[in-house]
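Chains here go by letter, A, B and C, matching the order in which they are written, and residues are numbered from 1 within each.
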Amino acid sequence: MLPLELHRPAPLAFLKGRSFLSTGDMSGGEFRQLLDAALAAKQEKAGANLGRPLAGKTVGLIFFNPSLRTRVSMTVAIQQLGGSAIPLEIGAGTWDLEHRDGVVMDGMKVEHVREAVPVLCQYVDALAVRCFPGLKSWEDDLLDPVLAAFAKHATVPVINLESAMYHPCQALADMMTIQETSPGGFRGRKVSLVWANHPKALPLAVPQSFALAAAQCGVDLTIAAPKEYMFGDDTLANWGETALAAGGSLQAVYDRAPAFDGAHVIYAKSWSSPKFYGKPELDLPLRAKYQHWQVVEEEMQRTDDGVFMHCLPVRRNVVVSDGVLDGPHSVVVRQAANRLHAQKALLAGIFA
Amino acid sequence: MLPLELHRPAPLAFLKGRSFLSTGDMSGGEFRQLLDAALAAKQEKAGANLGRPLAGKTVGLIFFNPSLRTRVSMTVAIQQLGGSAIPLEIGAGTWDLEHRDGVVMDGMKVEHVREAVPVLCQYVDALAVRCFPGLKSWEDDLLDPVLAAFAKHATVPVINLESAMYHPCQALADMMTIQETSPGGFRGRKVSLVWANHPKALPLAVPQSFALAAAQCGVDLTIAAPKEYMFGDDTLANWGETALAAGGSLQAVYDRAPAFDGAHVIYAKSWSSPKFYGKPELDLPLRAKYQHWQVVEEEMQRTDDGVFMHCLPVRRNVVVSDGVLDGPHSVVVRQAANRLHAQKALLAGIFA
Amino acid sequence: MLPLELHRPAPLAFLKGRSFLSTGDMSGGEFRQLLDAALAAKQEKAGANLGRPLAGKTVGLIFFNPSLRTRVSMTVAIQQLGGSAIPLEIGAGTWDLEHRDGVVMDGMKVEHVREAVPVLCQYVDALAVRCFPGLKSWEDDLLDPVLAAFAKHATVPVINLESAMYHPCQALADMMTIQETSPGGFRGRKVSLVWANHPKALPLAVPQSFALAAAQCGVDLTIAAPKEYMFGDDTLANWGETALAAGGSLQAVYDRAPAFDGAHVIYAKSWSSPKFYGKPELDLPLRAKYQHWQVVEEEMQRTDDGVFMHCLPVRRNVVVSDGVLDGPHSVVVRQAANRLHAQKALLAGIFA
């Protein structure tokens, strides 16, 4: 047996000391290097090959929104690498944070990110932030204002734990799961991102991060959604170019059948449309109309022995039937488990 | 002095890798072995004889309800054995969890235990769960539905931190405290569980776990409660059989005096009656009538130099007078302290 | 290079095993020794010269009120010294605590500090407590009732993380920051505590702790506030005597100009007046009248190249203008950073 040092993969130099806001921050090649590191870490019990690069380090986990998987998987990832996590729930046990510049702070928010972020950076070695969109103004959400403010004012690396626009840690685990179930590699794999019905309007971060990451990995990506919920033409064009450059392709369809036929991966997810921001009177009747946008066993039979994926939490018998979720093709638990390994590889790179 | 290894008690093989849902899961003999291990751990500073069996391990602490003693004592127990605790408050900073099977999840609950529990088990090495009863349907509470769902879907040991029906960690600390104050052993000790007045309906988990554990240890158990709040005949019969088999006895009385006369232990606790579930108009007037069911100094003088116990938190001058609680016979702080040692012995057994 | 042991400062014997409720608990000389230890700890990466005096120890962090800096800086301080922090938010995830003696507990509060505190002391090695004033009865607040109850019933050291009357950890960081920016020492430094406008009534703990600490260090302290918000004569007289004894001085003024002219330090802070407790109809119109009590750049130009301090969180363009806070004279981030180092020196002393 070789000494441990020789098993250890070369550190991912491109991550060292950097923030991780979107997989778009790295090239497709770098992204796939990170996936390889995550898969290697998963082989070894507790990722022993990664060592303890966070020994004596602390990571602040800043939650503007609820979290289960993200909170636990990040905490365990940090601990297994030798560090400590300090969770903070903004507005519950801490002060509400203002992020707009130049504002006269005579309202409800008692602290500005311009102080809070630099101060936190005096105590911790990295900040990981969850900040969902407001779902009120698409122009505001597009700027990813809270994450951008953290990134601007931080003096330590910032890790995105799901912002208004992106959820790159989820995308890492997603592509890692597809790689594990694609022995021949990403090339030629038919991967379908399928819109799902849901009782309320959900953010776009997960589907946007997934589509971008899938394109970066060069799969053949199909996006299926009712016309009213399809992504904008510019966005689709960008992902299409990225996919082409990586040896893949992109098609957008308004029907479910072409997404399922021969697919290797079905990724179900509900998301809202910027068109309906603040207009539930337009959105809710449509959702009643699209109740059949639920993944069921009959549809899965049209796939090429495809796996079923979802980022969780998922509403059973609304987004997907019990039969699919509890059936042999569901990999949602493995997908969630991969969050831990992906984040360990990421952290080990940042703190290399 | 002997080397450390020789001081170390034999691991409790019957606990290894197992869940701990109720003391009824183990035989009376096993229970008393666990008590001995807890008492041995308490002798040594920080339970050094237990070693660090949780090194590199993580335990998720899942709270559906508030906690003070349980949260801190479990966290410290885990840390002193070398591990890390990750607390999660369900519905506050995490997603609300559904536990019913086959449901169409179009309401308030966004995640099902069927995903949440297996996913958490990918990250942590054990799950400890607090899930109080709904106090609305006795049939539902009897099934201990949340705990049962965790136990069913978990792939790591599950530890009950107080469920709808049982609070076995409390019962461990309770019996450990009685053992400490009973130099001659459990046999022949008169232990009285005495109902107490309270401004609102409380769960049955603590008194049920205490009565079961006391029966398993073979004490002479007296249960005193107003007729309306007495446990059901079947329940009493079960405990009575258990007590008999262990060399003890059980009597149920509707008056206070026979519970105090010559008692070695007074364990005060308020609990609700399934008869009054959802019927405060029947319950509250009774409570006004039973305001004298408060432990006072005059009553304690009828005991055989008996100790006063309560699981805490306790309402002063409602459940028990200041005089008793602050007096020389109160062992409530020692009883709470024993939570730490009992849980360390338990965890050391599970992770042996 | 000398062996590490020789670099290590002599332990601060006067702190060992003691509580830290106010800087008034120690002499001016002891206070300055503690500041020197904090500055020495700051020189070394992660305060390596302090060693790991908290190895295997746990500190309970009890929050009755929100916290950001305090929570993170205490947690990191404890961890860097080898220990673990357990945060508890009272009333959110734990039981509401009663602190009055002799009360019949038939209301909302389900647990008394008389049990909760001794019990916590069975699990942890120190308790750090944040308990803001009620701002309803000045007589009650003056007794600092929650902190006093913790101090009375605890069997381990209690550390004040901001009580009704004092915030001594903040005062430590404040004076450490002034010392860092005063190469010639505290003597002869003009330090001005300046009242600031604010949309609501704030506690007095920070300004009271700062004024006391500044007096103990012997600076020339100017307190500027509108007449209605000036501290009482007795309080001012006490601080004045303390300042004189330490070689400094105290003046109280109702105008801003004399506070800024030639000042070396401007410490802005809003606080309420006991006169207006429960009388917003008297307080709020005054605040409208005093809107110009906001620190702006023109005022800072009257200082002797003075630094701007605030304990944070601060309301921008209400308490202080963006220009001052973002300008070269603001030391608020350094001041917050010093919380970490000051608390490490404090904890190292207590656990020496």
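As a convention for this text, a residue touches a chain if its C-beta (ideal position, glycine included) is under 8 Å from a C-beta of that chain, and two chains touch if they have at least 3 such contacts.
All figures in this text were calculated on a predicted structure; none of them were measured in a lab.
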Copies chain C and chain B - interface residue numbers shared by over half, same or different: different
Rotation in the CA alignment of chain A with chain C, degrees, nearest 5: 120
Geometric centre distance via CA averages, chain C-chain B, whole Å: 41
Multi-chain contact residues (two or more partners), chain B: 92
List of chain B residues in touch with chain A within their complex: 56, 58, 60, 84, 86, 88, 92-95, 98, 101-107, 110-112, 114-116, 118-120, 122-124
Chain B-touching residues of chain A, taken from the complex the two chains share: 46, 63, 66-69, 71-73, 75-76, 79-80, 89, 92, 199, 312-318, 322, 325-326, 332-333, 336-337, 340
